[in-house]
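Below, each structure is written out as structure tokens.
Shared between the two complexes below is chain A, which has chain B as its partner in the first and chain C in the second.
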Partner chain A sequence: MILGLFDQFFTPYFAGIPLLAIAIIAPWLLFPTPSNRVVNDRSLAAQNSFILNFAKQILLPLNVGAHKWALLLTALMINLITLNLLGLLPYTFTPTTQLPLNMGFAIPLWLATVLIGLRNQPTIALGHLLPEGTPAPLVPVLIIIETISLFVRPFALGVRLTANLAAGHLLIQLLSSATLFLLDQMFPVAILTSLVMALLTILELAVAAIQAYVFVLLLSLYLQENT
Partner chain B sequence: MLSRVIAVSASGLKSSAPLGAGLVQASRSLHTSSPSLAPVPPLPEAGKVRHGILPEEFFQLLYPKTGATGPYMLGTGLSVYLLSKELYVINHETVAAVTIGAMFIYGVKKFGPGFAASIDKINDEKITWIEEVKDQAIACYADAIEEEKKEQWRVEGRSMLFDAKRNNVAMLLETNYRERLHYVNHEVKRRLDYQLALQNLKVRMEKEHMVNWVEKNVVGSITAQQEKESIAKCISDLNVLAKNVKAKATA
Partner chain C sequence: MADRAVPVVEKRLMEVKLGELGTWVGGRDFTPNGMISSVRKGYQRYLNKYIHVKKGGIGGLSMVLASYVVLSYVWSFDHIKHDRMRKYH
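The block that comes next holds the complex of A and B.
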């Protein structure tokens, strides 16, 4: 079937049934249930080790009150990294290329951190709007800038993830189209483009993991500010 | 490997199969009964695969009918059919698939053994840690057994200890008794010696007194005449004796 350039970004349908929910829940199918055994098989041991180390890492700078977010942040990380990595497979739909999904992750979580900060320690939370050591004339301007920065955060979170992944997918598609076209026309250039394609794939693998990590890391930083 | 997990819903891999995962999660989340404390059976052996994703059972299934090259012919024929009939259209996704497939295979080949070794190391460390606890507990108990045996041996010697103590006490009592006896002896002898000395003294004093009295009387009874006569006798005796001696000397 002839695929257009943006077909990968359309919600998949099967006989009129939207498969979006399945696409988003797909990571759940790929992770085995932790068992009671001390010694597990390799996949479970690898998963356990990854989740444990990630949770330790992300919760290190947070104080004890914020540790309630451990499950949420870890689950979010696993979900995002799996969605991103699965999207690199051919003919797959990547939900995280859709802005609504990412905004759906970013806005509630960011808002939660802000509200927690304003509820528990309002002075400190508002104090973040003025960095320490600003000279007196700059104070009004800086407060406005910091407020705008605060409100831009969810959009930044969502759009960062969307843009990175969508751009990456688009680049992959473009380069592979180019390679396919050049296979007939100019074969040596096709080799070149396929080399670039290989490098891009490595980059995309890295980006998939890093963007997921950055998303969760920034959320944990916002949480750290506000708890 | 993941396709195998999804494709093969073996009961032995219940904990890792996706449907099995859901079922296990569902029953465990309700906590209707306490978890079984029976020892778990060992993990099943990982399924054998050929070329990383095709299960060995598939090849064994086709072997009787089509021999060793059967599955490969099937694969080739199937792909040629799909491509030639344009049931699978080669488009840009194919190139992307080839690229990512190559990356995946390269990654697994290069980092697979290292990663597996590190995971095995994690498991081995867990086992070592637990066995260390077990060994320490066993060593602790062995030491306790040794100590207990020693205490039992000590208890056996306890009667000897009591005998020795009893002997000691008896010796002390005996010594004390003998000392007192000796003391009594000594005191009685002292008193008797005193009485004896007293009697001796009395007898001696009587004797002396008598002798003194007799001497005094005798000396008092000697008159002057008797004294002169006795002295003249003595002198004549002495002369006779002297003459005798002189005669003996010259003879």
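The block that comes next holds the complex of A and C.
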């Protein structure tokens, strides 16, 4: 039985025990607890500066009321970026290629932003369904379109993350098997494919970080609209 | 020869003589609390030795990542072994 292309996305099992839990807990293990010392060691200093800078950056456009979301957004970002980057190591399993996990991130958080908007400022929240300056005949159509776009947001968030990472992993697998196969047949072409593979790996590193950031950024935008 | 005798169970592993190994393992704390506390102590020992030092290098993190890769290989071997390059599959 040759492995199909999508077998890398199956949940790993070992002696009947699903290893998904270990893959998901991995980011928590990699970030040590910050200490109260004034002068920290290098890793804690790097971790602190990244987290604080990211929190400041993401909270800039938000009202003071939305600053309660600081911890959630920062934790989400750290989690996603670590899960994505760990998945680029050989033989590891990337939980964010699984659609249910990403939908589990996207739907509750999106729903929270919508409900916060409807509860605190219902007029403004509903007013977002009609952009300013639309001509009168277009109003009914546009409201329907904007409602649909509102409801598509969680699916877009989840599927974007899943598709980007899964596609990247698939490409890596295809290119690497092509390179291995071509090593016997046509060696110069194998060098070419390995070059493309090197470039693709750099792209994948960037995509891993960027997709995590985009997820959190869009969520903060939805929050900004609604607070 | 002036040291007091230490009970076998309380010695560190490297100081236990081979003949006393059975007694040592038998006397360890295998309750859930004991096992969890030993995992936490091990985690803290690794952190204090390799990460929380003034000029920690890349080795501290790399050892963790390398062991994660090796463990993932071991865990997925049963699934991956079907992908070996054979003339007849």
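The rule is short, and it goes like this: the second predicted complex is superposed on the first by the 223 of 227 C-alpha atoms of A that agree within 3 Å, B and C clash if a C-alpha of one lies under 4 Å from a C-alpha of the other, contacts with A are read in each partner's own complex, and residues count from 1 in each chain.
Convention: contacts are C-beta pairs under 8 Å (C-beta built on N, C-alpha and C of every residue); 3 or more make two chains touch, one makes a residue touch a chain.
A quick note: this is a predicted structure, and the numbers were derived from the prediction, not measured.
Undergrad: Of the partners chain B and chain C, which touch A:Tyr91 in the superposed model: first, second, both, neither?
TA: both
Undergrad: Taking the superposition on A as described, I'd like to know which of chain B and chain C A:Leu205 touches: first, second, both or neither.
TA: first
Undergrad: I'd like to know which partner A:Arg42 touches here: chain B for first, chain C for second, both or neither.
TA: both
Undergrad: Have a look at where A:Phe14 lands relative to chain B and chain C in the superposition and call it first, second, both or neither.
TA: Touch partner of A:Phe14: chain C, not chain B.
Undergrad: Tell me which partner A:Pro188 touches in the superposition: chain B (first), chain C (second), both or neither.
TA: In the superposed model, A:Pro188 contacts neither chain B nor chain C.
Undergrad: Between chain B (first) and chain C (second), which does A:Gln173 come into contact with in this model arrangement: first, second, both, or neither?
TA: A:Gln173: touches chain B, not chain C.
Undergrad: State whether chain B or chain C is in contact with more residues of chain A in the superposed arrangement.
TA: B
Undergrad: Once chain A of both complexes is superposed, is A:Leu30 in touch with chain B (first), chain C (second), both, or neither?
TA: In the superposition, A:Leu30 contacts both chain B and chain C.
Undergrad: Could you list which residues of chain A make contact with chain B in one structure and with chain C in the other?
TA: In chain A, positions 1-3, 29-30, 32, 35, 41-44, 89-91, 180 sit in both the chain B and chain C interfaces.
Undergrad: Mind listing the chain A positions that touch chain C in their complex?
TA: Per the stated touch rule, the residues are 1-3, 7, 10, 12, 14, 19, 26, 29-30, 32, 35, 41-44, 86, 89-93, 180.
Undergrad: In the complex, go through chain A and note every residue touching chain B.
TA: The contact residues of chain A facing chain B are 1-3, 29-33, 35-46, 49, 88-91, 172-173, 176-177, 179-180, 194, 197-198, 201-202, 205.
Undergrad: Considering the complex alone, what residue numbers of chain C touch chain A?
TA: 47, 51-56, 60-61, 64-65, 68-69, 72-73, 75-76, 78-80, 82-83, 85, 89
Undergrad: Under the stated contact criterion, what part of chain B meets chain A in this complex?
TA: Of all residues in chain B, those touching chain A are 2, 6, 15-16, 18, 21, 24-25, 28, 35, 40, 43, 46, 89-97, 99-100, 102-103, 115-116, 119-120, 122-123, 126-127, 130.
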